[in-house]
Amino acid sequence: MRKIIIGVMGPGEKAKETDLQNAYELGKIIAQQGWVLLTGGRNVGVMDAASQGAKSANGLTIGILPNDKANGISEAVDIAIFTDMGNARNNINILSSHVVIACGMGAGTASEIALAVKGNKKVILLTDDVESQVFFPKLSPENVYIADSVEDVINTAKSIVDSN
Amino acid sequence: MRKIIIGVMGPGEKAKETDLQNAYELGKIIAQQGWVLLTGGRNVGVMDAASQGAKSANGLTIGILPNDKANGISEAVDIAIFTDMGNARNNINILSSHVVIACGMGAGTASEIALAVKGNKKVILLTDDVESQVFFPKLSPENVYIADSVEDVINTAKSIVDSN
Amino acid sequence: MRKIIIGVMGPGEKAKETDLQNAYELGKIIAQQGWVLLTGGRNVGVMDAASQGAKSANGLTIGILPNDKANGISEAVDIAIFTDMGNARNNINILSSHVVIACGMGAGTASEIALAVKGNKKVILLTDDVESQVFFPKLSPENVYIADSVEDVINTAKSIVDSN
Amino acid sequence: MRKIIIGVMGPGEKAKETDLQNAYELGKIIAQQGWVLLTGGRNVGVMDAASQGAKSANGLTIGILPNDKANGISEAVDIAIFTDMGNARNNINILSSHVVIACGMGAGTASEIALAVKGNKKVILLTDDVESQVFFPKLSPENVYIADSVEDVINTAKSIVDSN
């Protein structure tokens, strides 16, 4: 039977230290909830940190890779899905997640939040980027949540999962 | 030899009257410049208005459709490319455009601006949405331009095309 | 750490009884080997039968869906990946599989075998369709294997997995 | 108004001399009919030859590229659509063509024929590969045509276009 998948999106090479810490913690708690973690699968930034966190709690991790080759995958990814479709794979990330969490901000992450809203998915933002906290909720008040801590993210995710 | 393609992105069903007028005007001037117009191809909103504008000046129009069927295409589209990949086709829109113009704002448009920045494409915003005018230039000061009129958009597009 | 994924491809609505029996048996043995099963994820034909077989042996099952909605998914799919890209998702199926097994024959299956060959993946054919047994090995003698039983498929898959 | 697009698919680097000659001739006559030519867009093999042929008769040529960069494009392509989705772009090739012509045979071409059949498109085969002439018509007697000359292809294409 279909498992609950929670997507954690965020910057790769340019992730901040806070984003990495949050991502690790998010991955860990997602695993502890019995949820499956989905990320962009690469061995950098938020993707890697979240996957490492999930594995620290024996979770199951999926990586949706932009390329077609095994190099560059996070070692903490269990299930590697190779799309070979570059950034267009961001749409698969959000369509496959019951809840999307944006941890940090960047161009790829912004595209995922926008695609999530377009696809009518719930997105939770955990970031200190003030402009994004203003822009996205206005774009879709009903789909975008602003969280101020990992705990807040998880509580919001739980209530979204429970209401589905 | 490869023609210059200018992409005009913007809301569909939810486009404002000003966006539609701007889109029509943009399409017309793009055609007059000898450029090819690329849009999302549907028969609504900015896509349709820009395509109509381009045809009014005998331009060539391309529509990158999200579905696989001929229904719902703008009658002003000459070349219909069917992707059957939903919103993931937004990435093709921006990769295929020499310059991307965002005319108005919405979730799909926001995803295209973000994907353009991610793909290192130049994007020109023509919108009265103040929050997007703050968010996107901060995301990428080097790739995002804010324009305040159709004329301003075209002048910026010209200088980008000329510098390539 | 990345798990071994074996893809089982085959007809949906038009699958023959033999294909369904083979698919169930393949899914079961794949799970018993400790491998993860990947299919097209729908609740019909070879996809469904293979997934049911894998679950009968407590395996992990992934479904790469052509659409973006939860309806039509096999109940035996654990991890549902929604691509919303129609038949273009066939390329993801083969890129994500360490070994591709074609169980039965049809247009979608033929596209997957061809894409596998194009992507330099090993494919094992288990089908009574004689013409495909002639066409595909000629297309790529080094990538296409013809098997005459489920046992033969699994032995070939093992040797491919071991040699990687 | 939407133009008629004819897709010519065939091998790249491995194309035979006969395939190249046929492709050039096909491109030329397609242009003379007032149809738009669609190919995979690269500067090799059947894609390049067909595009060159179309340009020799002042036709309009579209290339659906597998990558995201301007290098490797046929100089005879007018409209370059960058998909950055590798072989999955083959599905866009066939969905966007009113009629698909397979000129020569190879793994990529075989995937396009199979995807065309799956997508219920008409495909005309012009190849000396005997096995494909047996396999594909059996896969779909109603969608696959075997032609024995460029003239035969064009006559068949005309009757398909006229009947739509």
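The chains carry the letters A, B, C and D, assigned in the order they are written, with residues numbered from 1 in each.
Following the convention adopted for this analysis, a contact is a pair of C-beta atoms (placed from the backbone, for glycine too) under 8 Å apart; a residue touches a chain by one contact, two chains touch by 3 or more.
All of these numbers come straight from a predicted model, not from anything done at the bench.
Engineer: Please work out which of C-D and B-C is bridged by more C-beta pairs in contact, and write that pair.
Structural biologist: If we tally the C-beta pairs in contact for C-D and B-C, the bigger total goes to C-D.
Engineer: Which chain has its C-alpha centroid farthest away from the centroid of subunit A?
Structural biologist: When every chain centre is compared against subunit A, the largest gap points to D.
Engineer: What whole-Å value do you get for the distance between subunit B and subunit C if each is reduced to the mean of its CA atoms?
Structural biologist: The mean C-alpha positions of subunit B and subunit C differ by 40 Å.
Engineer: So what's the Cα centroid distance for subunit C and subunit D, whole Å?
Structural biologist: Their C-alpha centroids are separated by 28 Å.
Engineer: What are the residues of subunit D that contact at least two other chains?
Structural biologist: 68, 83-88, 91-92, 119
Engineer: Hey, which residues of subunit B end up touching subunit C in the complex?
Structural biologist: By the definition above, subunit B touches subunit C via 68, 83-88.
Engineer: State the interface residues of subunit C toward subunit A in the complex, per the touch definition above.
Structural biologist: So the residues of subunit C in touch with subunit A come to 1-3, 5, 36, 60, 62, 64, 68, 70, 73, 75, 77-85, 91-92, 95-96, 119.
Engineer: Which subunit C residues qualify as touching subunit D in the complex?
Structural biologist: 85-92, 105-108, 110-111, 114-115, 117-119, 131-132, 134-135, 138-140
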